[in-house]
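Next come the structures, one after another.
Presented sequentially are two complexes of chain A, the first with chain B as partner and the second with chain C.
Now for the complex of A and B:
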């Protein structure tokens, strides 16, 4: 069984947010509630200010603190290494949102960022929090896939409706391979500068394993012990996309 | 994909096709998704698995780049868009805008069908009181007005103004011939003077090509970018991002980049060197770089030539009188003597605020890290001195020999289209040939001595000229893919004009122009229509893509091309025969594709059907290449056929001299007019030279209204998912914010997040202040996007309408609107 993981090369990331818009399209996300955000930071002064950015999906940790605090075991780790939420079990207590060191979880029924609230324009029926005409065909609450129901927490699922269909034993879900492109997470598939890679971390011959080895892949907030399955390549200093310093000034 | 196709039965495919999806589409199944799991789920929340997904090829519409897209439709609903892997611009990839397409299709504020106005009063606060009409009534109403004007000999008083034209089906074969067939110089006034004509004229004045350039970025080792925000807004955006990942992350040696702009943006941040320049002074920087290249002897001898004695006689401040044998350029030592000798880095520091040592370093790197490209766009040329700035920057390409070189820049070849179904010249009556419209100038005074003699279009001048009855008043105006009531400089002037004339809008969306309209003829959105689109200048070799509908139009809309054909059929005289022969857009496409039968594309496209299946026809390579000062033409195997000087002049360097002209013969051809209208020094008016920009207004801050990455061809302002990501670098999530330096905020007594008032000579707007070090202390940056007074429920009333306070001043040579040249004051609101 694969242990899926992602590598993000910050030296190539242009901060364009296509990962965010592809994700919101694929996962029918509400405005501003992206499973995948790019965070922007400024430091320094004119005429030499710094602008930096940091793309941040769910880290799909090996030791997910969100899972450990969940009172109903709604958050769980799949055999192939993905952290998911079973919306049928989630009671919306938000413990996981507090426990997650990366701030990548969303609760429904928050105040809409953009008014008028689009949920009122495309109203949901039954359990669904809204029902846009452009929603994807997949609706799989056991794996936290599809339109978010009312009263639950949601987050990046590594496009589980796609990756779970990949042929067993695949080392890398490479979007340039026509046989595999439909199984690649939306953010990886669309990333124009090819800053994202997705593959089996347990396979030492996978492209992701090679990149982590060759380019010293690092993990965000590794001291928490969560052991993310998302690795960053920092390119040795020339990249504008960067791991933010603790004193950096966060915008957006 | 073959494997996936097998997962779905043919029967199922036919069912879906019959339900209104496009012909020729590929099919993707979702086979294998946990079918076994379904039975274990509670019924109330059972997973739904759908394998009725159809994928059709189309073209994105969010920018001019024309990326090929795969559109995913399941059970008649479009839910996903990804890049077409077989398309050379998209390569399976997407920019952030590509994924917004479904929101545009299902925008709840779209017009649902043709309508006419019943409230004769027009204005921001007037409800047009539109009522539905039939398409026949809509088309007939337009044709009747056109016929009546023609009967009176006033056909020139009908105008058709357009923005984003796509290709033959909406412009080349339908719109453009109408000017000739009907007889009006005002049919086909484009928006190019509000887009990027500054660069087109700069190229035309120097190398004779009135065009944007094609670029071979992947083989370049150095990029020097002026005001072309490569990673946020420059076209083709998606491909630029792909290029960036390659040249910065994979290519050996890594391409070095210096970027010039007025604030710290993503491009400057990601580059090796950021030069944050005073607005309007890019030309001074380019002249100083040229000065260093010459004084340090770094010019390309193969392309430019050399002094007869082989010594370098370019010494700062000293004129040159030694003979210089120029090879492919013209006027180098004259340029030096009248201008460049005094354009030292120290001088340029005083003008641009860029430190002299950085100018020297940039010049040395640029000239010694070849191939190198100097590129520029609106930031550099949206000023009164714009064409001069552009000429100075483009001259750097000549100095380092990048024109038509591998890793350099060139121009674009057109597609091998077949002939249209009819020829307009076969359908001209006497009125069309000799009517009174032949003797009247265009309403925008393009090409007129009183107006803009060199300009391609002057759409921004239309309301001013109409209101002054100079040269005359319009009667009926029709709009396609443009909303100047919102986006033109001094935008409110359009409201006054449109209150006086009969207005027809064809947008599917309730924009400001539509609110002033008497007739609404809504176009189908891009995922619902057939259309062709040859490429914008990309890599030189020809490329033409096709839009195929993912679904039938959701509402009672008509593709603009078909609307024109239907109006044309209702015109009096032989024009109607022409449009009857066109039949419809799909018929035109079939005729265009005939050309591919004799010239098959590299991807095997040789028919209409295969074009639809692949979404694109293209044929590599670009046919010409300059190698170390010699020009060669492609002979089928390689660039092996040497070109004569006459051949180069005819095909590549299309100036009077057949060379790259530092001394422009094109400007000299209208010397008296240029000198009179610009007041420029007769000794240097046709050389790239420094001229202070004429800033509009009298404020203390430069006002720059930049374009954001999320600006999706005018519709982002009504897309909540785009609004939330609109200005990430400055945190503009509900509306865009005004970037202001902390020193300004302190002096004016406001804080980050405060509402501020921005005042120009035209009026004032309010904006949310973002106090940041990203922007220069003398500049305020407020991206254009919001401030709509119509346009849909999310757009209306959000943010600041920047173009209402931007003066309508244009570069007298290029006609380019000076969007970025205002000076304003700010205060706490």
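Now for the complex of A and C:
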């Protein structure tokens, strides 16, 4: 069984947000509630401030605190290493949102993050939070896939509706391989500068494993002990990209 | 010990006020929640996830724990002088727990799903799971204990065992609630292995405050109190309460200084907490109440001051721990802005109304001043 993971090369990432847009369309997300977000921030002061950006999906941790705190086991980890939410079990207590160190979870039944509130324009059927004009994958509440229902928490699912159908034994889900492209997560598939890689972390011959090994992949907020399965490549040298919060560990 | 007549004008007034608060808060909160869902709250995925309704829950659930502690002084630890307030405390511990649950239920996305989802899928390493179990078990044990003493069975072996089990369960529940916050290593303001102890200590203070307040209200003042009650209220109770409160004030002070002193990322929230006038209102209320208790004067006023002070403390704790954005906090020093909405305040009114209406109803109908005859 694979242990799916992602590598993001910060030296290649241009901050174009195509990943966010693709994710939003694929997963029927509301504006502002992106499973995959690109965070912008400034470093330094005048006269030499720098605009920086940081792409941030769910880290699908090896030791996910969100899973451990969930009183109903609605948040769970699959055998192939993906952290998912069973919307049919979620009671909306939001303890997982409290316990996630990365702020990647969304409770949609609240004020819209971006106005105007598009939920009022495309009103949801039944329990669904809204009815987007474009439709993503089929509704699969057991795996937290589809349009988010009211009263539950949601998060990035590594496009589980895609990756779970990949042929067994696949080392890397490479968007340049025509036979595998339909199984590649939307953010990886759409990344124009090819800054994202997705594959089996347990396979030493996978490209993700080799990149992590060769380029000293680092993990976000590693001190929390959550052990993310998303790794960042920062390169080296003075102008290298940085992983916020783990800058002290960056290769000199 | 003979039971006293009850039902002073103050009890009636509190009952009517509680009923009015119940109707008003339910009408407004239900209207807003039905029409707008949880958008009626000012909580958000990019801000504070647990808002004022959770503050209400923590405040009242821990008050329930504290009231059980106060009741246990007589019923478990054998100090007979405390019997005159024991039955009242047991009843109030049940009512305040219901008040806390009511606020929490309004905050959950699927409160009814919780009833089957937790028992069928219990996550054994989740603090919320165990907290729910312990408080639910206490609710049953507390009701059983109250039924026993209401029937005059104060000292049978079975009654004592139920009382002891209820006390242990409440302590475990309150401690587990503390663990729910204290285990969050990613939120330094909350993190720490002594948080459960802090919760139980402060629970005893709010429990003591409610016990003193409703006892004063029951009799309309010391002059109307029967001798055993007056003796307790002028003697060991305010002294024990003062000692507990003094210790708690010290702990709050130490927590504040450590929070201000440390450079750990996440603890800069303490700067904002201390900069808020509400922190100093809390300090004034608690310290003022401490001196009133020491002088055994204006006990009802002191109790109200303690309740007010600790409500602010719960607010600062629950909300403060979320004000520094997670992850973004490593480079964005700004704090999240959060002000509770009208609907959230209505849930606070709802919880207080349930607590006081429930107490007054019990005072009228259940002879809460009863005590063992021997």
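FYI, the second predicted complex is superposed on the first by the 235 of 252 C-alpha atoms of A that agree within 3 Å, B and C clash if a C-alpha of one lies under 4 Å from a C-alpha of the other, contacts with A are read in each partner's own complex, and residues count from 1 in each chain.
One rule holds for everything that comes next: a contact is a pair of C-beta atoms (placed from the backbone, for glycine too) under 8 Å apart; a residue touches a chain by one contact, two chains touch by 3 or more.
Note that the structure is a prediction, hence the values are computed from the model and not measured.
With chain A as the common reference, chain B sits beside chain C without any clash.
In the superposed pair of complexes, A:49 makes contact with chain B only, with no contact to chain C.
When both complexes are overlaid on chain A, the residue A:192 reaches chain B alone and has no touch with chain C. Of the two partner chains, chain C is the only one that A:111 touches; chain B does not reach it.
Contacts of A:38 after superposition: chain B is touched, whereas chain C is not reached.
Once the two structures are overlaid on chain A, chain A sits at the apex of an angle of 130° toward chain B and chain C, using CA centres and rounding to a multiple of 10.
In the superposition on chain A, A:102 makes contact with chain C only, while chain B stays out of contact range.
Touch criterion met: A:92 reaches chain C, while chain B stays clear of it. Contact with chain B, but none with chain C, is seen for A:176 once the two complexes are overlaid on the shared chain.
Taking every C-alpha of chain B against every C-alpha of chain C after the fit on chain A, the minimum distance is 12 Å. Touched by chain B in one complex and by chain C in the other are residues 32, 113 of chain A. Interface residues of chain A, counted against chain B in their complex, comprise 9, 11-12, 14-18, 20-22, 24-26, 29, 31-32, 34, 38, 40, 42, 44-53, 87-88, 113-114, 116, 118, 121-122, 126-127, 132-143, 145, 149, 161, 164-165, 175-176, 178-179, 181-182, 189-195, 235, 238-241, 251-252. Within the complex, the chain C residues that touch chain A are 37-39, 41-46, 49-50, 108-111, 113-114, 117-118, 121-123, 125-129, 132, 180, 184-187, 322, 325-328, 330-332. The residues of chain B lying in touch with chain A in their complex are 1, 3-4, 28, 30-34, 37, 41-42, 44-45, 47-50, 53, 74-75, 77-83, 85, 92-100, 102-103, 105-106, 108, 231-232, 238-239, 241-242, 244-246, 248-249, 264-266, 268-270, 272, 274, 276, 353, 709-710, 720-725, 728-734, 741, 772-777, 793-794. By the touch criterion stated above, chain A contacts chain C in their complex at residues 32-33, 39, 41, 43, 56, 65, 68-74, 89-95, 97-103, 105-113, 150-153, 220-221, 224-225, 244-245.
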